Structure formats: C-alpha cells, structure tokens
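We just call them A, B, C and D in the order they show up, numbering each chain from 1.
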Amino acid sequence: MSPAFLLRRLLLAVPTLFGVAVVVFVLLRIVPGDPIAMMVPGEATPEDIARLRESYGLDKSIPMQFVIYLDHLVRGDFGVSISLKQDVLTLVLGRLPATLELALVAITLSVTCGFTLALASTYWRGTWIESGVDAINSIALAIPEFLWAMLLILAFAVLMPLFPISGRIDPMRATAFATQFYLVESLVRGQFGLARELLGHLALPALALALPLIAVIARVLKSSLQEVMVQDYILLARIKGFSNLRILTREALPNALLPTITLTGVHFIFLVGGTVLVELIFAYPGIGNMLFGAASNRDLPLIQGVTLVFALLFILLNIAIELSYALVNPRLRH
Amino acid sequence: MILDIENLRVSINAKGTRTPVLRGAHLQLEQGKILGLVGESGGGKTMVCKAILGVLPESARIESGAIRFEGRDLLAMPARERRGLLGRSIAMILQNPMTALNPVFRIEDQMTDVLRLHAGLDRAQARARALEMLTAVHIREPERVLRHYPHELSGGMCQRVVISIAFSCSPRLIIADEPTTALDVTVQHQILRLIRELQRKTGTSVLFITHDLGVVAKICDSVSVIYAGRILESGPVERIFSSQHHPYTQALLDAAPRYDRPDTALHPVSPELREQLAREAEEFDRRVDREVAHA
Amino acid sequence: MLEVENLHVALPDRGNKRVFGRPPLIEILKGIDLRVSAGETVGLVGESGSGKSTLARALLRLYPLSAGSIRFEGRDITNLDEHELRPLRARMQIVFQDSQSALNPRLTIGTALAEPFVSYGRASDSREALKLAAGLLEHVGLSASMAARYPHQLSGGQRQRVGIARAIALNPALVVADEIVSGLDVSVQAQVLDLLRRLRAETGMALVLISHDLSVVRALCERVVIMQHGVIVEAGPSETVFNSPQHPYTRKLLRAIPLPEVDPAWIDSVDIDEVAT
Amino acid sequence: MRALLRNPKFLFGAFVLLALVFVAAFAPWLAPHDPMAQSLLNQLLPPRWAKGGDPSFLLGTDTLGRDLLSRMIHGTRPALLVMIAGATLSGLAGVVLGMLAGFFGGWLDTLVSRTVDTFMSFPPMLLAIVLAAAMGPGLGTVVISVVLIGWTRFCRVVRGEVLALREQEFVTSARTIGVSRSRILFHELLPNLLPLVIVLLGLEMGRAIVVEAIMSFIGFSSSGLATWGSIIADARSYINQAWWAMTYPIVAIIVMVLGLNALGDGLRQATDPVLQR
C-alpha cells in the first residue's frame, strides 16, 4: 500500500463529502414550513424571530446561506438541536459508540459465520452439508433486515423468550460506565456479567443485521473458492501432497479473499446503514434511533448532523475496505 | 518399468449419460526415459495424466485397469499412501506457468513448503535447497527471485521455477503436461533443454504430454499416440519418425506446416480416417459392454 | 496499397496508476515501416511483447498513433476521425485471435454476419442481409443452418471461420489476421489456413498474417517481416528470409523450431541460461 | 416461450405476481369487511380456527376490532403501486445513466459516478426519512424514496458491466465493420445487459415492497390506508396479546419478495441465449 494511493483515495472522498453536504442542504431547504418558527416559544415577538433568523443566516440569499453552512461544517459547527437544545456534535458523538458497537458485533458475527459456512460447504462439497448451506443462504439472502428483525422478535421474544427485545442495558446499571463504549469497556474491565447483559440486548438486532450479510459472504466466498479450487496452482498443491484442509485454508482461501472483498464490500456499508432501522425496531439508543426522534420533531440541525456523521462513516468504511483489498493482493501491495 | 498403465478405462458420467474417455489405454514408461504422449485436444492425454495423479473430476469413474508405479498399483493403494507419493515420488510440470504458481505467495514460500513437508527440512535448510534448485535451472539471481511474487516474473522464468519445484524432492516420475505450449518458441527451446538436462542428471523418468510431434522428436525417447482414448501406437521415436507408423500419426504430420517444406500442401486429418477411428472406438465400447454383460 | 512510415504507438501502462492524472505511456511500437501491395500476403512474425498485435490494430487505426503516418489506397488516414474512417473501414478488415471474445455472445451468428451489410447499406432490408449472411457461411465452408446458433454453441475452428466470414463480407482490399490459428489443433489449423489461401485466390485481397509460428507464415506468405521489441529486425521475400536469414534473431527463431525429425544435437543448440527477467 | 413454461422459478414468480394483481384489482369485492371499520366488540379476536375465533373474521381482528383479512387484502394495492412505479422508475434512471456513463466515459462518467457515491453515502433509510421529513408522509414520498435508494444499485452494476463489455473484442470488431456508436450501445451492448437488468428488476420490485412496509411501519407512508407495514406496526404494540397478527403481513411480504426474485431469475434463465445449449 503506497501512501500515494491512500492520498488519492482520501482526495477522492472530498467531492463525495461535498456532494453529501449539497444534498443535505437542498433537502433541508425544500422543507415546507419555517424551521425558525418551531424553534421559538409561542410568545416570541416577530423581532425575536427575525433576530434568530439573522443568527442562522437565513435572511441571506440561498448561495450565501450555502457558503455560511459550508463554513460552519468545515469548522465542525453542526449547530444546536432544536428539540434537545444541545450542541448537535456532542449529541451525535455521545450516541455514536452504541451504533458502532452494534455494527461491530454484527460484522464480526457475519464474517465468522459467513466464512465458516463457505469453508464448510466447500470442504464437504457434494454432500448434504453443501445443499443445506445453499438452501439457508438463498432464504437469508432474499429477506431484508427489517423482516428478519420482525421474525426474530416473534421467535425469540414472544414464542421463545430468550432475549430482551429493546434497549441496550438496564438504565440502572448504565451509570457504571466511564465511556460510551459499554461493551468494550466491560470487556476490558473484566465485568463479564455486564458484558453478557449487553450482548444479550445486542443479540437480536445484531443477528437481524448480520443474517443478510452472512448469506452474501457465504455465497460470494463459496463461489470464489470454487473458482479458485480448479486453478492450476491448486492442482499443483494437491500434487505436492498437501492435505485437503491445508489446500483449502492456506492455498485457496487467500486467493478467494480478493473477489470476496470486492463483491461484499458494499454490503458492509449496507449493514451499517441498516442500523438506522434496526435501532428503531429494537429501541436501541444509537444515532439511528436519535434520527427518528429528530425526524418526527423536524429537528433539522440534528437530522443534518446524523446524516453527515453517517456519510463520513461510510466514506471511512469504504477506504478501509479498499485498504484491506490492497493488503491481501500482492499486486497492489507495493 | 517405472510406470505401467494397463487396460485403463475411464468414463465421464454426467446427467445420466456415460461417455467413455479412456478406452483400455496401455502405456509403458521405462526407468530414466522420456515418454511422449501425443494427440489432439479431447483425445484423452490429460485424462491419463489426471488418472495417474488421482485428480480426476468428480464425474469421472475408473471402470477397469491398473496404473502400476514401480510395480505397485496406484488404484489399489489406500488414499493416504497414494497421496504420500505425490510431491515426493511423483511430481508435475503444468502447461501454463503463469497460473501454476499461487499468486498471493512469494516464490520462496512456494518452493520451500514442499521441501519442509516431504524432505523434513527446516526453514533455513529448505531455503538453501531452493537456492540450489534455482541455480540448477540456470536462474542467475536466485536470491532475488525467491523474494518475488509470480506476477513479477516472465512466463519463461515462472516455468523454470515450476520445474525446479518439480525436481526439488528428487521424484522418480515427473508428469509434464504440455509444459512449453504457452511459451515463445525460443523460450520453449531453453525449457526443453532444461528438462532434458535435469532428467539426465537425476535419472528421473518423464511422461511428456504434448500435441506437437516436433517437440516429441526432439526430446522423447519413445512415444505413444492417443486418439479417442485409445493408444494407437507406441514405440521408440526413431521408429515412429522413420517410416512405420499409424495412418493417424502420418495424418498429424501432414497437417502441420513446416518452414523447410513450404510447397507441401496442408492436409487436415481426413474425415474418412476419423470415421474409421471412431468406428474402431465404438467397436471397442461394444466389446466391453458385452464383456460386462457376461460377467 | 498500404504504406506505413515511422509508426510509433504508445499505450497507457495500466499496472502503474498515478496519484493524479493519467497513467504513463509505454511505447509499444518504435518506428515501424511497412508496405503491403494489393493482393500481397505478408507474414508478421514475433514473440510475445514484440508488438505485433498492437501493430495489427494500429494499421486499422484502432489505436491512437503517437507519431508516423499510414496511407491506405493512396489516402493519408493518419489523422482521420472515426466518422471519416467509416467508409474506409469496409475496405480494411481484421480477424481477431480470440474468436470467443470477438463475437457478441448474445447475438446469433446470422445477426453478427448480417451486421456489415446492414451498417453499410449493402442490403435493402434485414431479410436480405440475413440471406447474404447465410451465403457467407457457406462460402467459408459452414452450413447455413449455423446462422441460428450462438457463438458458444460453435467449436473454436467454426468460430474462427465465422470471424473470417465477417471480415470478407464487404469484399475488403486488406484483411489483417491476428494469430487466428494459435490455440487450434493442427488439423483444424490446416483447414483454416487452407480457407485463407482459397479466399485470397478468389478475391485477390491483400492479407497481413500475424503469427508467432514461422511455419504457418511460410505456408501462406510471399513476404515476411520479423519483429522484436517493437521494431522490425528483418524483412524480405519469404524465400530469402527463410533460406538465408541475416539477422541473428531470425536465425535464433528458426533454429528454435522443433521439426518432427529425430535430431539429438538440436536440443543442445541453445543457450540454456536465463536471458533477462 | 416453452423454456419459460418449463422453468419452475418463473412459474412460481409469475403465479405470485398474478395473484397479487388479482387481489389488488378485486380488493373491494374480495374483502369481507371494510378495512377501516372499527368495532369495539370485536377487539383482538384470534383467527377463526383458534379457540374463541369468530367465523366472520377469518384471520382475527386488531386492537381496534378491524378485520385483519380485509386489511391484508386492501394492503395489496399500495404494495403493487409502489412495486411497479418504484422499480420501473429506478430501473429506468439507473440503467440509462449507467449505460451512458460506462460507454462514453469522460466527464459524464465522473459526474454520474460521483453522484452515485454521494447517494450511497447515506444509509438508505436515512435518505427516506429525511425525504419524508421534508415532503411529509404519503405514497408519493414512498415511491420517490424507492427511486432515490434504488437507482444507484442499477447504475453501479450496469456501469461496471458496460465497462467490462466495452473491453471485449466484439465491440472493436463492430467498430471495424462500421457500426455506429449508438448502434453499438443499443444493438450490441444492450442485449448483453438485459439478463442482468431483468434479475435486478426482480430484486428491486421485492425491495420496493419492503421499503413501503418500512415506511408504513415508521409512519411515513399514507396514514389513511391499510398497508402491510401499518399492520406490522400496529401488531408490534400488542405482540404479547396477539402474536399472529404480525405473521400475516410478514409472511405475505416474504412470499412476495421470494416470488419476485424467482421471477427475475427464472426469466433470465429461460431467455438468456448464453445459458441455452
């Protein structure tokens, strides 16, 4: 991985970020109704409103407003939430760790399960294991996370109550944490009881997010493995006398990773995007859930803040995926 | 006799239909010699080679016959023992050097893994042996080549590396499947000489699979011609390239242009000959079916 | 008929992407001079990396030239744009090496062969174009019923015949054949070479036959051009070049060809050491 | 056509789609009750076959005593509308832009690619929510959300495919026989894109139904209508009293999604010439 490549990639993100800023600006300007009118208490005078309008730059022309808006963004000033009356950036950053932990658990789950399924069905090719994996896959693939979430609620919360269906942790115990990364913190501190409770709350939302990705990874990795397994160098490895397991994991897997990362990369992003909905369904206190509150209160600065943070997250994730691609591909390594 | 294939019958069973691909093939390779196996694509050359190595496709079934390696039938051997022979006693050189090496590993890893598995060498010993082998295939800067990835080497260089891997465990049999077909003609010349040189030095026997009778004439001691899964004729190269040969061998010779005989007309293998060979193959199939029905 | 002077072609090096801007160019052809007379057959021989396939495409202006000039039938075509080239394209054709990729996988053979007639208005309607296409198929020794098939349903030799049929559809003055028999069995190769020989005799078209195989070129060509690393090292009548090769590279190429004659000395007549990586 | 009728995936998909169209068309006649009619006497009735079920409410009732079967039947209408309008519009926009960007490259490609990147930088639901906050709830909002989320999927895939196809020799070959650029795009490339677009359309139609359900679930679809999403949203609140209410719409949506995917897949299998032997 050359620094030049990384630089190129980061620079390419600039127009995308700018595009995101433009789209958010346009979307929020087409909102009917006056956002200022909602911000002020009923007894405010027209002078008060005008003053506020001026302080938000809303009395200027649209291009001027855009410049002011960009200027604020660049300085990291996302404004003040209308409904919560707090700094947007602080609010979003306070909730972000919960979303990140959810996404991380879901991604770990999908990568582990996806790899296991793909490797197992390649190793036991032509047996019932392969057909079983294929069947599960095609169903998991077709059903989006929203329906999985509902099915999981039905199955594991109502018919067979194993897991809680809402929240992140008992609020009484949430005060024990110094950071917002509850799961990481409890694991680092060795508080496994707390970690178990956190994971219990995470189980269903993470599974709902992970299931479609598990299927994608299993399918793509399996077909790449099958493509790789008929290559000459695999034949040569077999003729070198290596065991089947070693050939699969040592010789074939690294080669199958390349197409798998390319083809599944975008699905990791879909997974992170899916947190918005899954958080709402499971009342999980991340930024996605905050967004719904903001949307129903028409809290424009907050909507804008969450949107921009998500966009930034997506762009970083994209770069991480490309980096991992370069890392396993010797042709790009130097 | 290091390799003795007797009456080998293999068929492919796909979608309920059985297609014979090897029809009672016989093949004899003497210790320390190079045997050429020649034929057109689809004639069964590759199937012979896959049958010896035990890497036939899943749809293929061995119906009868024996593949004796140093007197022991590979087909009757337990799978684990048979696999133990691979790499140690039997090695292979593949057609396309650019795809024969694993693209994600350095040359060093790909040369030493087999040495560590079979020769019981440690990392340093294996590396020393790898350098020795690269020198033996006349690579000038073996140290540097070890650090490279396959895509950083030319086709000819990759094939030298593949050859050095094949010879590194001092196998007694090497199967070379069209090892020069993908190479330029000048590189082919070098690689052929290299294989000949190493083979003479180590006394290894080589089964050399090719479609090019010219290559056979230059490198092999004896030759077998295969068509539709049947060996049409076998014999020392001197005989086959002098006068007495099968009409099919003659037809192959007549089809290839020669720069030293520009005025000779080119003749494809005639439909009549193909028909006759197909009839013979069918007859063989019917005979086998009758035998099976009897038994 | 075709005159190429001091032709230079440079193509972008895709393996070497820059942080900004375009990838650097690699010069593939470094000053090629070539003449082909009407009805002549010229063989272009070289090993991989010699630039022969690039030359094939550059001759037909399928690649941008960085220097030099190409004249075709007395007209300078060096700087013509695609629109101006269009009428000339009917006069110069190419047959590609990879017959699989050269045919649209989702068009029938008939449609593919009717295409030249349609695009040059040589057929009044699509039915007539299809009829002409069927005639073409028979002309190259295939049955007219092949028209309903798709490329993947044909064998390699059959596909290559279709490629040839498409190239000769408009009666071109020049056909460039780029490695069209490599990868085919000798018997099929003999058939395709025979077809080319017959078509040339019938139509009087000029043929530039590109191949890595000197024997193939010798069988068909009156003149031969030997290329190495983007330059021509030797050119002349086949007779002369094959009987008394002047350039050491030509001699090396000829010596490297294994003739089907037992000759124990041949194998030792090569320097075994690695050339350059 | 025969291949279609023998393809089980296509048959299953076609059956599901036709059933949906039929139910949507005759909803008022098929539904036993008014989907909005509340009845405090018939709150939370279980399905007819369960203990305490009422024969006139086949699938039971919700907390307001509305007939679930009638609500399910009327829910097919918004589902069908969003599915057809959303998938068609996003497919059209994505395919056209993807083809143009991939084929012509240059500034057009840069513009389209950057726009796709920008749209993909929003979580799909976030886009829909922001849009709903701006436009207010309603079926129109849902359709626009489906298009805004969906067009990038088409565009990305089609552009990539065109880029890959453009490198194939048959495109160069078409140039050499004088085929114009627009004919290359529509006559040569489009047939190669169709199988892919068919599959994508099947997937997108399924997704559109899900997006509609999600938007109803979070209350951003039309509030005055009985939709499958609104049944899920209502049932979520009384899930511990009547778990079955939620299963009807979930099962309906899953069957629709699987059916539409199979329809696209089967249609491709039966019509793609490359898959025919």
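The rule is simple: a contact is a pair of C-beta atoms (placed from the backbone, for glycine too) under 8 Å apart; a residue touches a chain by one contact, two chains touch by 3 or more.
A quick note: this is a predicted structure, and the numbers were derived from the prediction, not measured.
Greatest centre-to-centre distance from chain C is found for A, with centres as Cα means.
Between the interfaces A-D and C-D, more contacting C-beta pairs are found at A-D. Remark: chain A and chain D have CA centroids separated by 23 Å (rounded to whole angstrom). The distance from the centre of chain A to the centre of chain B, each centre being the mean of the chain's C-alpha atoms, comes to 52 Å.
If you average the CA atoms of chain C and of chain D, the two centres end up 49 Å from each other. Touching of two or more other chains is recorded for residues 331 of chain A.
Counting partners per residue, chain D has no residue that reaches two or more other chains. The set of chain C residues that touch two or more partner chains is empty.
Only residues 168-170, 172-180, 183, 188, 191-192, 194, 272-274, 276-277 of chain D touch chain C when the two sit together in their complex. Those residues of chain B that touch chain A in the complex are listed here as 53, 55, 58, 83-88, 90-92, 94-96, 99-105, 113-114, 117-118, 149, 151, 162, 165. Listing the residues of chain B that touch chain C in their complex gives 40-41, 138-140, 145, 153-157, 160, 184-190, 192-194, 196-197, 211-219, 237-238, 241, 251-253, 255-260, 262, 266-269.
Those residues of chain A that touch chain B in the shared complex are 126, 231-233, 235-243, 251, 254-255, 328-331. The touching residues of chain C, when paired with chain D in their complex, are 57, 60, 62, 82, 86-87, 89-90, 92-94, 96, 98, 101-108, 115-116, 119-120, 150, 152-153, 166, 169-170.
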